[in-house]
Every structure is written in structure tokens, then in C-alpha cells.
Amino acid sequence: MSATAALELRGISKAFGSVQALHGADFSLAPGEVHALLGENGAGKSTLMHIAYGMTGPDRGTIRVRGALVSIRSPRVARALGIGMVHQHFTSIGALTVGENVALAIGRRSDGQSVRRTEIALPARLMEGLPIGARVDTLSVAQRQRLEIVKALATGATSLLLDEPSAVLAPSEVEELLALVREFTATGGSAVLITHKLPEVFKVADRVTVLRAGRVTLHAPVAGQTPVSLAEAMIGEAPVGHTAEVLGTTAPRATPAVVDAAPARPAVRVGGIDVMAGELVGIAAVLGNGQRELLRSIAVGRGTAFVPEDRTIEGLIGGMTVTENMVLGLDTDPRWSRGARLDWNAARTRTAELIERFGIRAPGPDAPAATLSGGNQQKVVLARALEQGPQVLVAENPTRGLDIKATVEIHDRLRAAAAQGVAVLVYSIDLDEVLELSQRVLVVHAGTVREAPKGADRRVVGEMMLGVRER
Amino acid sequence: MSGQSLRATITAFVALGTGFLVLALGLAVAGYDPFLSMGALWRGAFGSWYALGSGTLVRAVPLIILGLGVALAFRAGAFNIGAEGQFYAGAIAATWVGLQVGTWPEPLAIGAVWAAAAAAGLAWVALPVLLKVKWGVLGVISTLLLNFVAEAVVSFAVTGPLQETQGVYPQSDPIADSARLPALAGSRLHLGLLLAVGLAFLLWWVFARRRAGFRLKAVGAGPLAAEISGRIPVKRVVAFALLFSGALAGLGGGVEISGVTYALFQNLSPGYGFTAIAVALLARLHPLGIVVTGLLFGALESGALGMQREAGVPAVAVQVAEAVIILVVLLADVLVRRAASRTPMPQEAA
Amino acid sequence: MSGEAVVLTGFLAAAIRISTPLLLAATGEMLNERAGVINLGVEGAMLAGALASALGAMEAGPWVGVLLAVAAGVLVSGVFAAVAIGARANQIITGTAVTLGAVGLTGAVYRTAFGASGPGLSLPTFASVPIPLLSAIPVVGPAVFNQPLLTYLAWLLIPAVGWFLFRSWWGLALRATGESIEAARASGVPARRVQVLATLAGGALAGVAGASLVLAQVGTFAEKMTAGRGFIAIAIVVLGRWHPGGVLLAALLFGGASALQFALQAAGLAAPYQLFLVLPYLLALAALAGGAGRSRQPAGLGK
């Protein structure tokens, strides 16, 4: 580790309750470089960067900024040290203007003469298309992300931590972002790119650090690495079977479902396009193009089950037991409801069966749903959805925040459901997941739905997502 | 006793204890003898059969009924803080009907009085329901405002259309005999107590075994999940919960008229609508628990009068104890939530 | 002046005088609501301030009364802040409990000090202070520019609060807190502290409102005398769309509605006095029903 590293973390350990998120992890960021921090969900990359940004403190370990030992107690301290962070969830306030958000970020140091017209001395390219007086809730997602970067740079960041920034962008917007990052580092800044997408690493990073289950498994220049070597470092063994999940390869690889008898009538129409029973159809779209409204309007239909995006707020009621959650949406099911009465014993028994069948790790059917892990909670939601015996299943970002093991399990269940004859619609913000899972891909752009041509690759679908291409 | 019930009971005792402690301390600071005052409080509540029967139990009746109403709304995540006004609305309706049904057979007369009271309470919460559905948390203010309006209507009624025939006192004529509840000989304890307990059991049964009770709980504990995954019409459930809550509060007013006062006058309620919030919260919204806490607070109110008589302490001081009890329950709840990611208290539904 | 002019001046003067406690309480409530806190304890804070001002004025004159009222208001809203913001308990119930406790406490203190019934206290009050020249303007002058000092204070607060909210960084931080605590925190705003301070400021102003009610309007203290003015203040904030100028206008509207009582009675309208009594509450209900621009409500209110 060079003494002139812009940012250096050594021996960082951090536990949350009984979960050890980081075991003695080392990370160093050299000036002028783009350093990729790679790892699957739950590997600890966000935690490590949260420590660097002062959002939480390490249990053990040291941090040095430009060689000097520091204690980063809060984001304010981090910013004062020149560390800026662009989070996955944007932190701008919709009801305030761009200028007000920047002034807020700059803090009391801003010449609060007139907080609405804050002068920001930043590269014109960055400020392009970002009107100072516009309310943030009128901006597009890419613009809002741009604002996050502006805020970070306006507070004097020389080391920029970007947390999965491409997750919310269409492919060409990602290109623009990566170009911006390179420009930033070319002028002396340093950037950390947190990601789980290998292609990005090869496109823009100089060095890469890989985390797996809280430990650093690889730290090297990108030049000497291959997708396989990185994947190995990420998941601990030569990738077999789930290659596509990890490598982010572009060809749609899903095995077609076996359907006994395809009925003539479609199970559901999505924006005018027929989907038959037993098909697993992927929905690809950039945030804010109407896919959410479209899918949710389908999801309330009869015979349709829904796996919503936010399982803790929309899917489950944390304070209620697993049994009670299972009854939610099924409270007229004749197996445990007669007239207006509810037979809780019958519900409990069935829930215990489902826990067994779906391999849900829970103390029992009476455990509060909030005590289950993310993956198990999602299994409860999926089990309940399938229990409804639906003709159509709509799943919105079903593997969000889950580690690879849980992700694979959910994917298998979705495929199994399709094999049983359910028409499955899966929307994921992760284009690779959509391509991996689906037999057919429907692209939603500005409220219109078009089918991607068979065998279309990432680039083609990406262009359709942006409306640049129609087929 | 399950872990949750044990915790709830401990919380209740801690809250009660803190409330009394604060009261005693405050009295001491104000120059009253705390021991004498507390003793007087006890005697006023339990010191004699009269205290128990005609004081504690009689005051428990409206507290239980209103407490049940408040708990019903709370369970669905809606806060009914207008029970006081709904109580008065029910009392007005009960009085008016009670004056008309002199020739009716007793069960019918009482039934009519109660029905009118419940209907009036329901009507009194209807506007706030509309506002809550439209404006969310701010709709709650409307229930508070209507409390004051209800008091003004009572004032108007007893100095105007409902004033007693002599026209001297600001109160109504006594209601017809057939509309009065049978009472235990020699005391003021009336049939209303059976109604209160009966309603508690009814509500308990609904909460535990009926789909409606489950939906109420789901809406209160997780409104978004209830809407999206449960396909429950959240706004409708909340509206119904509030309407029934108002009906119960109105019924409480009707029972008070037909069982205790037999006539309408101002200041009929020493704040039952607000004490009911403490009653409901202390019992963690459990209907059978509300019978217990209703009795407890009935004792408190009865004792307060005794305290005023014997030790000269203004009876209204116990409201401070009630407020402290509510606050401690809220605090305990927060601690529980932090410790075990359970949410016994409902979140406000949209 | 002509007869109508006299009536009009009298009406305006009364409207402004009556609106002052409402304006003060609403300004304070607007501040904490802009920070995301809805404080139903404002009624209790106002009542506590009323009693404190009476006691203070009796001992040492009206300005001491105002000082004590501020302290009382801060104390009451401090209890609310500790539970609702510090411990993050539900704001509605906490506020209700605080008001309940304040009503009980003020009632008990009053009765202990002065007995259950008896003649009202006689207190040294604030006289009207005419502003030279301006108070000579026909009709409007004697109404607007001949008011107690507390009224001028309340009016001057409006542009001051407006400047604070929209032209200072801390005002921006406060507004950000009311929209989203997480987002505010992410920008380095000490969100909870901002909420607590805003609530205490609201309590202080509620206390002054109580003092204004006692020492500049009614002239004495009676149990439960605030009669829901704190809650009406909340409706005024809604009607005024959480904006200082709007709050001023809304408060004047309410003052006018109450003053209408006297004007109509003077005109010989024989309606039961309870009707005039409920007018402000009905107006508040109407404000909540129609006047609210929900999109203007701070997004994080009550959370």
C-alpha cells in the first residue's frame, strides 16, 4: 500500500449483530485511478464503502487519507476529507430545486446569499441538462443521478465512491456515466466503482478488489484478469451452471418451458402483446417508463398473483406471523375460511407445510415475518403467490437484495411455476437477469410495449429500452 | 402467559406505577400530603361498597365502551380522538329519543335510545372520516374540532329545544321511565355494565376469529402490504373502523343517559373520550384487557372525587396521571419495537 | 366618522386582536410542521402559557408574564419533543396526551392557587399602543395601527420567518427535514435536532399566544380557556399552505369570523350565541376539507 494512496482502509472488520459483514478487509485507492470493488449482493462492498464515508464505524481497522490516519465519524467528516459518495438510493429532495439541493449539500459554507441561485463551478458537461431552478421531482432518473454526482463534487470530493450507479440506467446512459468517471479521474480525481457487473470492470477500471463473504479474495490490476478469474474470486469456485448469472453474458439462455397443452387463448395481454400459459416472459425497461404501472395494473387482475418489489413494505407485514402473512390475500380460501370465520389452526398447518416445501428457514409458522432473512421472506411471498393457484404471476425485482444462493432458488421456483403452466412475467431492473430468465423479452418504453426479436442481445434490447430502436 | 402478553402486562404495571408516582410527586410539590391524597384516592375507588358499585363500576361503563371504540379504530391504524364529541352526540340523541318513548315497552324503548345514540355517534365521525380519507393525518384535527362543536350543541340544546319544561336550569327533562336502565337496588350500578362486558367479548371474538378482525389488524400493521398483497380496500376498512368506533362512543353516551343521569346537561363527560385513549392503550387494544383497564380508570375517576372531598386535591389532577400513563405506554412500545422488531402498535394507515 | 365606519373600524380592530393568539400559535406550528412534526400539544402549550402569563403578570407585570409563558410553552412542547421526536413515538397520540396532561395540570394548579370557583383574576394587561401618523388613517388606522405590542410582534414575525425559511441555509435545512429525514441527514443536516428546535420554537410561540390571549385579549384566566385555539391554529397552517403569508391571511380570516359575532349582535341579529361560538370551528373544518393543497404538505409530516 503506497503512502500516497488517496484512500486506504486496512484490516477493516465489522459485525452487525451476529452477522460478520467484513473480516479484516483491505482496500486502497490510488490517486487518478478508477478502482472497481466487486462482489455479489451481501459480500460487504457497500458496508466497506459506508465505513469509508463515515455512515458507520469499523469494529477494527484503520483508515488513512493521503497517508494521514483519520477517524471518519460521519459523512460530514468524510466530505471534509474530500470523500464523496453517490448512493444507490438518491438523496435529493423532490420538492426542492436543483440549486437548493446543491446548497443543502454544500452546507453552511455555501454563500447562502440566495440559496436558489447557487453558483457552482463545475465542468459544464456535468451541468448540461440540469436546470438549477427545476424541482428535482421533475427530473429523469439519469438527471437525478447526475445531480448526486454534482452534489458530491460541489462539496469538494476528490475521491468519489459510486455505489452500483449503473443499476438504474439504460445501457447507453451507463456508457455516458463511465465516460464521466474516466474524465473525472483524468483530471486527478479518484473513483471507486462498486458493482457486481463484470463488463463494467473491464470497461473502465484500472484495478479491482473482489470481496466474498466479507473477505478480500482478489486485489490486482484489471489488465491481468479475465471474467472467469473474477467470477471465481466472487463466488469461490469455477462457475458451473450458473455461469450466466455471474458473468453477465448477453445471450438469452433460459430453457423453454414444457407445457402439456397450450391453450388457444392467451393467459394475459401485456400492452397488447399476448402471453400464453406456461411462458416465462421478461420485462425490460428503464426506470420510469410506465412498466411499473403496467405490471401493477395486470397484477390486480383476477387469477393473478403478485410478488411486489418491496417485500418488507408491500409484500409482508413484519409485525405479523408467517401464518398471518400467508393468509393475507388468501383470507377467503375455503381451506381455512368458512363464511366470515377464520380457522387459524388449518392456516397454521398449511403454512408449516409450505415452509417445509419451499425450504424456508424460519423457527415456525408463528414466527414474526420480520425475523426472517431477506431470502426467506421472499420465499414466503412467492409461496403465497403460488398458493393462490394463479394463471398469471407478476414478479417485480424478485431477487433484489438477495445473495446468489437465494437468487438462484427464486429463479428456479419461477421456472418451475412456468413449467406448471403459470404465465410468469418478470420485471427486473437488472437487464442481465431478465435476459437470463426469459424465453421472450418485452421492452417497455414510454408506456409502449414491444417484443424484442428472438436472440436479441444486450445492446439491441438496451437500444429498445431507450426508444432508439423499435425492433 | 406468552412472551408478548407478559411484556404487555409488565408495561401496563410500569405505566400505572409511573403515572401514580408522578401524581404523588406533583401533589407533594404543590403542598398536598401525598399519602393522604393517595389514600383518599384509594378510598374513593374501593373504600366502600358504595364507592365500588356506584363510583368505580359506574364510571367504568362508559370508559369500557368508549375504550372499545377507540381500540377498534386504533387497530386499523386510525386514531379516533373525537370520542368525546361522539359521546355527546350520542347523549343528545339518546335524550331526545328518551323523551319520546314514554309509551313504549321497556326493552324497545331502551333499544331505541341505544340505537339512536350509536347512530348519532356514527354520524358525528362521518365528516372526519371523509376528511381523513382525503387528507390523511390532518383529518385527525377535524375530530378534535368536532369535540368543541358537540359541546356547543349540548349547550344550545339544554338552553333551548331540549331544556326542561320549567325553563330554569340548563338541562333537559328526565327521560321516560321506560327508557331507563334497570339498576342494582341501592346503587347506581346499571345494566350498562353487562352491555359493556358483552361488547368486549363480542369485539374479542371478532378480532380473533373473524376475517373482518384480521383485515383490521392487517390494515393497521401494514397498510401497504394489506393493499397490495392482501387485496384489502384499506381506505374502506379504515373508514368502517372509524364509523363503528364513533358508533360505540355514541352508544357510550346513550348508556350514560339511560343508565346514570337520565337527563342531558353540560359537562356530562369528565373527559371520557380522552381517558378512553389511555384505557385502550394500556390494554394494548385487547378487548378483554379493556374491561380491566376500564375498571382501573373508573377507579381512578371515582377515586379522584374522593381525593377532592377528603384531601382537597382538584379531581382534574388525575388527568396528569392519565397523560403520563399514555406517554409511558408509548415509550415502552418504542423500546419493544427496537428490541424485537415487532409492531404491536398500528402505524397510521394512509 | 360615520356610523358604518365606526362599526367597520371596531370590527377590524376586534378581528386583528382576536387573530393575534391564533397567528402566534400558527406561526410556531408552521415551523415545526415544516420540519415534519405535527404537534397536537400546541393546545396544551398555549393553555400552559396562558396560566403562566397570568401568574407572572400578577406577581411582576405583563412582560414577566410573557417570559413565563414562553418558558411554559417550551416546557410543554419539550415533553412532546422528548417522546415524539426523541423516542419516535406516534406524534398524534403523544400530542393528545401532552394536551390532556397540560389541561389537567393547569386546572389543578389554578384551583389550588385560587380555589374552584370565585371571581376571575384581575390582571395587569397590555394596553394598545398607537403608532403615530399611521393610526390616524381613516377607518383602517385605528384598527390596524392601534394594537397591543404583541400584535405588532406577531406581524413582524411573519416576514422574519419567511426570510428564515426561504433565504437562509438553516431554513432550507428545516424544510429539507420536513420533506425527508433521510435525505436531509445525507446532506449533513442534524435532522432530529432541527425537529426538536423547531418544536421548541413552536412551543415558545404557543406560550406567547397564550399570554396574548390572557393579557391582551380576555384580561383574565379561566380553566380550559384556549377552547381549541391550538387546534384551530393547525387548521390555519393548512389553510395558509404552510407559508407565512398564507398563515397571516388565514389567521385574519379566523379573527374576522369570531369578530363577526360582535358585529352581527350589534346589528341586532338574534341568533343563539352558541352559533357564533362554533363558527371558528366550522370554518376550520371547511379549511381542512377544501382549503388544503395536499401537495403543499411537507412530505414527511407526522413520520
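In order of appearance the chains are A, B and C, and numbering begins at 1 in each one.
One rule holds for everything that comes next: a residue touches a chain if its C-beta (ideal position, glycine included) is under 8 Å from a C-beta of that chain, and two chains touch if they have at least 3 such contacts.
As the structure is a computational prediction, the values presented were derived from the model and not from experiment.
Two chains share more touching C-beta pairs than any other pair, namely B-C. Farthest from chain C in terms of Cα centroid separation is A. If you average the CA atoms of chain B and of chain C, the two centres end up 29 Å from each other.
Inter-chain centre distance (chain A to chain C, centres taken as mean C-alpha positions): 47 Å. Residue ranges of chain A in contact with chain C, taken from their complex: 74-76, 79, 87, 91-96, 100-101, 103-105, 107-108, 110, 112, 114-115, 151. Across the complex, chain A is touched by residues 209-212, 214-215, 217-218, 221-222, 224-226, 228-231, 340-344 of chain B. By the touch rule above, chain C contacts chain B in their complex via residues 38, 40, 79, 83, 87-90, 92-94, 96-98, 100-105, 107-109, 111-112, 116, 227-228, 231-232, 234-235, 238, 272, 274-275, 277-278, 281-282, 284-285, 288-289, 292, 294, 297, 301-302.
Interface residues of chain B, counted against chain C in their complex, comprise 26, 30-31, 79, 81, 127, 130-131, 134-142, 144-149, 152-153, 155-156, 159-160, 271, 274, 277-278, 281, 313-314, 316-320, 322-324, 326-327, 330-331, 333-334, 345, 348. Those residues of chain A whose C-beta lies close enough to touch chain B in the complex are 300, 306, 308, 310, 313-320, 324, 327-329, 331-332, 337, 340-342, 344, 368, 370-371, 381, 384.
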